[in-house]
């Protein structure tokens, strides 16, 4: 992996780190949403769109870099998967916020906070792990933690679904809330795709 | 790209052009559906199935060609993505028509016409762009226009969802209509995947 | 394909065969669910989780093998697709069982038995075909049968949806049942992805 030290390669590591760091911004906005009053939410949604746009820019830059690079630090396929999985996390978080605003959902189920807390932890460990791609060190603990979080997330998701269908909400509200819950679950799945890609890259390097 | 002029390579360009041209057929049938009376819809659905079958044939031919070709005009991976994204557009449009017939939905929301109009425009620019793959010229304007259309489509989609959940429809009808609306949105997303693949091919060529 | 006789390559064939054989276990548990009384279902769900975990183990072993192998019997990309498509079948079947338990659905629509019967047949032909990957013989009949089953499955699925939306069920029950039906349809689609991957591998070999 002598390429790893070339400026080109460094550009990749910096962009992956930036993409993951931006997910921390997104998850913070998501946390604000939960504590917000309905009239504050449109503004929160606008800030989420700005964060989501920043992710698009970084992803596009990575794609251009990989397409125009003669050499890449690891397989192009893995770079694509890593960049698009990181972007998928942000897209899902942005969609969740947007749906809450669009459907004008006043009361958010308590369980949403558990989902967002899990996403916050996933964003933290992912942002910490990305810079370590450069040295390929201590990544194993990262993907083990992500898999643990994903299992916790599944349990939270199942509990939320059971609550949604318990009869406490009318059918239309179930539909609206389920779309929000599904987007947060999609964000958790995307974090797992990021970790799986990092694992497969690390295995090839070893 | 000396391979580009080989007969084999030409076969690819012709098949991509044929696949995109067939999407124009599909979107026309979709437009007819909107102006149709319920009793005409079964026949419209049958014609849509014929168009969808034609797309399957072309896609299968492309896959066989790429699998049996020693050289290909661009990465096999990109040829797969381009062929299957074009096919995804048709599958989603066919599913939308099929669901309207299956659920015997009498009144279609006005917003569907906005979605279909956007798909028609996307089909036109895609069909115009495919033949230009051969010369790799003037493709940039194509994917910029598709991205613009996709953003318009998102706004139309969000408005439709807000209307569906406004309380104007009963929950069962919301479920039925949402499936139709989601299929048309999936067709728009597939058009964007086609454009993204063309962009990534063009960047590698440049 | 001189690599095909190496021990490494044999490991792949054995793991694919094991993954497909495990799907037969899963579909048998699914069949039991249909004939079960509500109070038996939690135990059935637990056994399904065990089977799903076994699939995860095999899939992970295949991924590690392909990532750490210098030579592979066929394209790494195809090995990934084959392994993950086989795993997708099990994930979807497990999710279907889990949802029935989670939502405490007492009465299962008769049409579910048609879906499961089709999945059982698909699991049988897939488990028979996997060992033939090694000799690349008599695979054509396999993917033709899977495509036939997938078309039957689509018709069954459409009939089920029409029944769900017929007005016989209240909206909340429609939502619950549709999630189960969709998971079984997803399992059928995953079987088709397995067959498509085998076909593309076979075409490259020919």
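Labels A, B and C are assigned to the chains in the order they are written; within every chain, residues are numbered from 1.
Just so it is clear, a residue touches a chain if its C-beta (ideal position, glycine included) is under 8 Å from a C-beta of that chain, and two chains touch if they have at least 3 such contacts.
Since the structure is predicted, the reported quantities are computational estimates derived from the model, not experimental observations.
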If every chain is a node and each touching pair gets an edge, what shape is that graph: line, ring, star, complete or other? complete
Rounded to the nearest 5 degrees, the rotation mapping the CA atoms of chain B onto those of chain C is 120
If you list every residue number at the chain A and chain B contact, are more than half found on both copies (same) or fewer than half (different)? different
If you average the CA atoms of chain A and of chain B, how far apart do the two points sit, in angstrom? 28
Multi-chain contacts only, two chains or more: what residues does chain C have there? 77, 171, 175
The answer for chain B against chain A in the complex is residues 77, 158, 161-162, 165, 167, 171, 174-175, 178, 200, 203-204, 206
Which residues of chain A touch chain B once you look at their complex with the stated criterion? 63-64, 67-68, 77, 98, 102-103, 170-172, 175-176
